[in-house]
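Here chain A shows up in two complexes: once beside chain B, once beside chain C.
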Partner chain A sequence: MQRHLILEDGTTFVGEGFGAPATTFGEIVFQTAMTGYQESITNPIYDGQMIVFAMPVVGADGIHAEAYESVKPTIRGMVVHDLAEISTNRQRRMSLDRFLKQNNIPGLCQVDTRQLIRHLRESGPQKATIVDYVDDHARDQLAATVLTKQQVQNTATPKAYANPGRGYHIVVIDFGLKHGILRMLGDYDSNVSVLPYTTSVEEVLTLDPDGIVLSSGPGDPNSLPESVFTLIRVLQTKAPMLGIGLGHELFAMANGATLNPLVAEYHGMNHPIQEIISQEIFYAMQGRGYVVDDQTVDRKKMFVTHRDLVDQSIQGLRHRDYPAFSVQFFPDGAPGPIEPNVIFADFFETVADYVEQYN
Partner chain B sequence: MANKVVLDSASLQRALTRITYEILERNKGGQGLVLVGIKTRGEYLAHRIANRLEQLEKETIPVMAIDVTNYRDDVLAHGDHLGLDEKDSINIVDKNIVLVDDVLFTGRTIRAALDALIHIGRPKSISLAVLVDRGHRELPIRADFVGKNIPTAQNEKIQVSVEEIDGKDAVEIIH
Partner chain C sequence: MSNSTTKSKLNKILFLGAGPNDFGIQGENDAAIYQVLPELHGHGYHVFVVDDNPYSVALESVAATTFWEPLTVTNIKKIIKDHQIDAVAPLFGGHRALRLWNQILNEWHTDDGQIPRTLGLNPAVLRESADITQLNQLLIDAGLPVIQSKIAKSQTEVNELMRSLSLPLVVRANNPVQSNTRQIVERLDDLEQVVDEVKSQSLLDEVLISKAINGMKEVSLEVLRDYRGNCLQVGASEDMDPIGIHTADSLSVSPVLTIQDRFMEQMRSYAFQVADLLQIQGALHLQFAVSEVTGKIYIIKIAPYIDQMATRMALVTGYPMLLVAMYLSLGQAFEDIVLPHNFHPKTAMMEPMMDHIAVKLPVFPFGDLHASGVEVDRNLSSIQKSVGSTIGFGRTFIEALEKAIRAAHFNNRGFSPTYMEHISDDELIQQLIHPQDNRVLLFIEAIRRGYEVDELTELSHIDAFYFYQLKHLIALEQMVEAKIDDPNMLKQAKQAGLSDGLIARFWHSDFQSIRRLARQNDIQPTYKALEPSAGEFPENAHQYYATFETEDESTPLGKDSILVVGSGAFRLGESASGGYATTIILSELRRLQYHTVAMNNNSSDATLLPHISDKQYLEPLEISDVMAVVDKEQPQAIMVPGNRKKLIKVLEELGQRVLILPREKHLANGPENHKSEFSLNFFYDGVEVYPLIVGQHRAGEMRLLNQALDIKEDLNDLNLPSPGLYQIIWRADVNEWINQVEIPDLSHDTWLRPVSYGQVAYLSKAMGIHFLRLIVRAMLDELTPRDWEMLQMISKNPPHVQQWMTKALTNYQLHLQPSGPIDTTRFEMGVKVVNDE
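Showing the complex of A and B:
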C-alpha cells in the first residue's frame, strides 16, 4: 500500500508501506552504515527515532537470533530504498517485514533515500510522521507532536540485575545500554551488575566494584539529573571507569566540558578515528547527535585520546588523575568493525592493575 | 620447541600505551620526567614511551640509555666505565626518573641500574616500568608500571623482541 512520509518542514516523500500499518511519529535520522540494520533498529540509542537507511537494499539478512541489541526495538519507523523480499541468510529466523509487524513498527520502502538524506543532512533531525494520506489533519498532528526527552528513562533498567561471570566485578550504570556492551564484558567473564542510573553513590560503592562502565544510551545528555554527574565524579576516583557513547558524553560533562548538538546526527562507520597517543587509525560504528566542545575540555584534567579525522571531533577522553576513560564511538562492534574491541581489553588490563594494587 | 607468543605486536603497543598513561597519571603530567632505558631493549621501549608522551603532551621528554653491566653483582670484571656515555648524559638531579626495562626477573638488573643512577646524581624519585614481570624476584624490588604479568617457571625463558633490532614486536616464552 502506498504510504507517505511527512517531515516537519513540510517536505513529503511517497513510498510503499511495509512492517506495521500504523501511523507513527518520531525524530528522523539517517544511518549510512552498509551493514547491521538489525543491530541498529534494536539499539536503544534510537529510542523514539525513525531511521532512514542509506544502504540501497535492506532486509536481505532477515532477522537473526544473535543480532539483537535490546530485547525489543523502540524505534518509531524505518525508511529504506529497497526492501529485500527474499532473505537467503541461513541464520535468519524471520523476515524484517514480519519482525516490524510483530513489534508494531511501520516501515516505508521505495523511497528516494538519497534525496531524503541530502535533505536531512542540511536540515538536521526533525519531526516526521509516516501516514496513509497527506492531508491537513496529518500535518496538524505532526505539528502538534511533542517529542519526548525521556528516552533514557524509557530504555534504561528501572531495577538492578546481574549478568553473572566468574571474573572481575564490573558495575554497569545503565543509560539505555546495548547488548554489545554486556556481550563484551561477558567475553572477559566478568561478573556484571547492571544498575539504574538513579543508583546512589553509596549503593554502588557497597557493591565494591572492580570497574565501572557508563553505558551508551539515547537522547539528550542535558536532560539527565545532576545526581548522575555527581555519581560519575565520585565513582571515577574509586575504580577504573569506561564510558561509552552517552556514557562518554556524561563523563565529559561531569568533568566540566559542555556538548554541542551536531547539525546532522552522525550514524555510520566510515569515519577514520585516530588514537592520538599511538597515531593509529581505525574505524568504528558511531552514533552521535552531540559532540564534546573542544574549547571546554580542561586540559589540566583530561587528555583527548581519540579524534574523528573527518570532522576532528573528540572521540575519546581520559582523566589525567584517575584510570577513567571514555569513547564516543561503539567499541563493541555490533554492528561494525571489531578493531575497537581492544578498548575493553585496555579496560580489563586497567582493572587488573587496580585490583592488584589496592586489594 | 615451540615458542608461545604471550604478547603480539598490537598488544605490546597497547601495553606501552597503558604504561604511558599510568606514568602521566602518577607523575601528574610530564614535568620533571626523565626516561632511562636499560640497554638494550629497555632503551627502545623508553623511546617509544617518550614518543607517546610527546603525542599527548606536545612536549619532549628526555630519554637516556644506561648500560648496567659494570654494576652487576653477578659480573666479575668491574671496569671504571659508568655505563653512561658522556654525550647522552642528562642531568638527573631532582628529576623524576622512570627506569624502563623489558623484563623484570630477579631484580638484579634493576638494583644495578639504581646504583648506576645514584652514581651520577640524586634524582627526586625513581620508579620502574617494565614490559613484562615474570616473577622470581631475588631482591626486594617491584615495578610501578607493568605491561603484563606473566607467571613463569624458573627454567623458562622470556624473549622480548622489538622492531628496532629484532625486526618484530613480540614477547614469547621459550620452553
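Showing the complex of A and C:
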C-alpha cells in the first residue's frame, strides 16, 4: 500500500508501506552502515527515532536469534529503498517485514533514500511521520507532536538483574543497554549485575564491584536527573569505570564538560578513529547526536584519548586521577568492526590491576 | 616497523606490467598502472613502465618512460641498471609481475649492482607468499583458519594421503606455472587423471591436496594497510554461486547482501591480520569460504597485489583505491595521503560505503566459439572459463542484474523470455546440479516450471534471497506482458532495469514507440552519483549510473561535450583491444580540451578511470541507455565503435553527429598453416591517403616489412567512409617470414578493411606514432601541419621496425576443453611483442 513520509520542514516522500500499517511519529536520522540492520533496529539508542538506511537493499538476510541487541525494538520506523522479501517457507528465519509487524513498527520502502539522506545531511534530524495520506490533518498532527525526552526511562531496566559468571564482578549502570556490551562482558566470564540508572551510590557499593560500566543509551543526556552525575562522580573514585556512548557523554558531563548537539547526527561505521597515544587508526560503529565540547574538557582532570579524524570530535576520554575512561563509539561492534573490542581488554586489565592493588 | 621508503630517498620507480591478456588477466593491471603514473609524475617522480602487451595504455602514457619489451629477467635487469632504478613496483602488475620480480630477486648477482627497493611488500615476505605451503604454514602458525593441504609428488603418495582424506578433494599445483590450477575431484575414478594434469602445471612437479569445501558461500574482501599497520576495508563482494565455481565465473554482488554482520566482521578481522602478517603496504585481496549454518570461515585465497577484485572495488565504491594503494606502497600513512581536489579531504581514510548495488556478470566465450564450429565444455567448475565481465549498477539487485546482463550482451537477444523454453526437464535438472553459463536464465526457467525456492536452494546451494528476487522479476515480466502500453507498468519495468528494447519485445512494438510513451509520461532515468560516502558528504562526483527515482544529480557538462561509447566486456579475439582504443581516444580528446563523457561497464579496462574524462556513466551500452545519456548531456558529437551498426543508424536518424571508429569484429590475425596475408597499411585523414607500411600476417603473428612502398594505383580512389587506419589485404602462398614483398596490382584479389584496434595498437607502438590520436584529430579537423608533415615523411620513408606482435600462449585445453582446435588467429586471448634479434 502506498504510504507517505512527511518531514517537519514540509518535505514529503512517497513509498510503499511494510511492517505495521500504523501511523508513526519520531525523529528521523540516517545510517550509512552496509551490514547489521537487525542489530541497528534493535539497538535501544534509536528509541523514539526512525532510521533511513543508505544501504539500498535491506532485509536480505532475515532476522536471526544471534543478532538482537535488545529483546524488543523501540524504533519508531524504518525507511529503506528496497525491502528484500524472503517471506515464505524459510526455516529458522523470520523476515524483516514480519518482525516489524509483530513489533508494531511501520516501515516505508521504495523511497529515494539517497535524496532523503542528501536532504537530511543539510537539515539535520527533524520530526517526521509515516502516514497513509498527506493532508492538513497529518501535517497538523506532526506539528503538534512533542517527541518524548523519556527515552532512557523507556529502554533502561527498572529493576536490577544479574548475568552471573565466575570472573570479576562488573556492575552495569543501564541507560538503555545493548546486548553487545553484555556479550563482551560475558566473553571475560564476568559476574554481571545490571542496575537501573536510578540506583543509589550505597546500593552499588554494597555489591562491591570490581568494575563499573556506564552503558550506551538513547536520547538527550541533558534530560537525565542530577543524581546520575553524582552517582558517576562518586563511583569513579571507587572502582575502574568504562563509559560507552551515552555513558561516555554522562561521564564527561559528570566531570564538568558540556555537550553540543551535532548538525547532522552520525550513524555509521566508516569514520577513522585514532587512538592518540599510539596513532593507531581503527573503525567502529558510531551513533551519536552529541559531541563533547572540546573547550569545556577540564584538562587538569581529564585528557582526550581518541578522536574521529573526519570531524576531529572527541571519541574517548580518560580521567587523570582515577581508573576511569570512556568512548563515544561502540567498542562491542554488533553491528560494526570488532577491532575496538580491545577497549574491553583495556578495561579488564584496569580491573585486574585494581583488584590486585585492593587485595 | 619503520617508514623506510620515503620520498626523499627514491626518485626512479619502475612498474612491471602484467603481460598479455589471458584468462583472469583482462587489462586491470595496465589500467591501474596507467592511473597512478600521472599522479607520481606530478609529484616529481621519474616513472618507468615495462610491458610486452601491445594493448597496454600505460605504455603510451606521457607521464612515464616506457619500454615495450619482452618481460624477461635479463631485460628488466638491464632497464634497472641502465636507468639506475631506485624502486620497483611489482604489485600493480599482478601475480605475474610479482612472480617475475621474485625470480629477479632470486637471480640477482652482486655485479648487477644495488638491488632496488620493492614497493609494497617486503622481499622476504614476497618469497614466502610465493610458496603456497609456506604461506599456509605462516597462517596456521598465526592461528588463522586455512584448510590444511598436503603435498604429493607421485600417484603413490596421493594414494597414501587418501587414507586420511575423503572426497570431494581439491587438487592444486604447487608453485604453478599459471595462477589457476585448482581442480575439484568428486569421484575416485577421476583422481589419477586430475593429479597428472595438475602436476604437469607445477614448476616443482608437485600437487597440493586438501579437502573440498563445496557448497559454502564465497566472499571476497579488499583491504588496504599502511606501514604503521593501520588497515581499512575498501569493499567486499559475495558470489551468488557457492564454492566450487571459480569466482570469476560466478555472478557477484557488492555490497554483500545475504551474510550477517558478525561473519563479515570476522572476515574483516582475519583480512587485517593477514595484511599485518605479510606487512603489506598497499592492497590485499582475500577470498573466504563461509557457512552461516556451521559458523565456519576459511581463508581460501590471498592475493597481495592489484587484481580484478581491486579494480572492481575501486570502480563500484568510488573510492580512489589505486591512488591510495600507490601512496601506501611509497611509505605514506593514511593520514598523510593528499588526494586530487575533487575528493572530500578525508576520503582516503574513510571506508567507502555504497548506496547502490553492483552486480558483476561473467562473459563466456562459448557462443563465439560455437559459431565457429568449436564446442567446449560448458560446465562451470573451479577452473575459470569466462573471458570478461560487465558490471550493472542499480538501486536494487534486480535492476543491477538486468543492467549487467544487458551490458554483457549489448541487446536483449540472450535475455528473451523464451530463450530456455526448449530445454527438457531432464536437461534442466542436469544443469541445476552441474551449472553452466546462462545460469540466471536457467533459474528463471526452473521457477517458471514450478520449482520451489527451497528446492532450488538445495540443488544449487545458492541463497534463497536470489531466487525470491528472480521470482519477483518473473512476476513483473508477466505483468508487463499482460498490460500493454500501460505507463505505470512501463515505469515499474524501467525501475527493474528492463531496456526499451526488451519492453518493446514484450509489447510487440519497437523501441521508438516505447521511448515516446516514456517521454509522454515523464518516465526518465534519474542519474545518481557514485561516490564513497553513501550521501553523507557532498563529494564532487563525476561518476553516475541511471535508476528511476525522484532526484537526478547529474548536471550536463555543456553543449561542447563529446560522448565516447565504450566497448563493454572483453571477449575472445582482438576485442580486448577495445578498451585500449577507447582509453587513448578519451585521452586525446582531453588533450584537445574537449569536455568528454565516457560510457562503459567494464571495470578491467581503463576507460572509466576518473582522470581521463570529465564525466563517466557506468551503464550498459544498449540503444536505450546511450539515448538516455544523449538526451541528458546533449553532446555535440558521439564517438561509437564501428561494429555498433544499429546504434549508429539510430543516432544518425535522430540527427546526432556520430563519429564512427572503424572497427570489425573477430578479425583473423593472419591465416594459419602455409599461407601469408600481406597488408598495405595506410592512414586516411578524410581527404587524402597516406600509405604507411607493409605487413606480413601469419598464424596469429604480424611483422612489418622494412621496404619502400611502390604503389601503382591511386589510393585516393578508394572512397573511404571516415578518417582512420585502413589496410588492403592480399594473400600469397608464402610459408615463411620474408623481408620484401612485391606489392601486386591492388585492384584485383585484394580487399579493404579498417585496421583492427589490436593492430592499431601494434602499429602505434612499433612505429612510434599515436595513430588513434591522429584519427581523433582528423575526425575533429584538428590535424596540425606537423601531423601532415610527419605522415608524408613516413609515407616516403617507412621506419625500420624490429618488433613483431604475436599471439601469446593460452591454455585453452585447461580452461575450455574444446572439441577441436581453436583458431587462435581469430580467438586469441592476448598478444605480446617479440624482438627481432
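A few comments on the model shown:
Methods note: the second predicted complex is superposed on the first by the 353 of 359 C-alpha atoms of A that agree within 3 Å, B and C clash if a C-alpha of one lies under 4 Å from a C-alpha of the other, contacts with A are read in each partner's own complex, and residues count from 1 in each chain.
Criterion: contacts are C-beta pairs under 8 Å (C-beta built on N, C-alpha and C of every residue); 3 or more make two chains touch, one makes a residue touch a chain.
Quick caveat, the model's predicted, so the values are computed rather than measured.
With both structures placed on the common chain, the touch criterion links A:D112 to chain C but leaves chain B unconnected.
With both structures placed on the common chain, the touch criterion links A:F303 to chain B but leaves chain C unconnected.
When the two structures are aligned on the shared chain, A:T350 is found in touch with chain B, with no touch to chain C. Of the two partner chains, neither chain B nor chain C is touched by A:D189.
When the two structures are aligned on the shared chain, A:D135 is found in touch with neither chain B nor chain C.
Of the two partner chains, chain B is the only one touched by A:I277; chain C is not.
By the document's definition of touching, of the two partners only chain B reaches A:Y322; chain C does not. Greater residue coverage of chain A by touch, when chain B is weighed against chain C, goes to C. The contact surfaces that chain B and chain C form on chain A in the two complexes overlap at residues 279-280.
On the side of chain A, the complex with chain C involves touching residues 13, 30, 32-36, 39, 54-57, 60-61, 64, 66-67, 81-82, 84-90, 112-115, 117-118, 121, 266, 268-272, 274, 279-283, 309-310, 333-339.
Every residue of chain A that touches chain B in the complex is listed here, in rising order: 275-280, 303, 318, 320-323, 342, 345-346, 349-350, 352-353, 356. By the touch criterion given at the top, residues 10-11, 13-15, 17-18, 20-22, 24-25, 28-29, 52, 55-56, 146, 149 of chain B touch chain A in their complex.
Per the touch definition, chain C reaches chain A in the complex via residues 228-230, 232-233, 255-262, 264-266, 268-269, 272, 334-335, 346, 349-357, 395-397, 452-454, 464-465, 468-469, 472, 526, 528, 533-538, 549-551.
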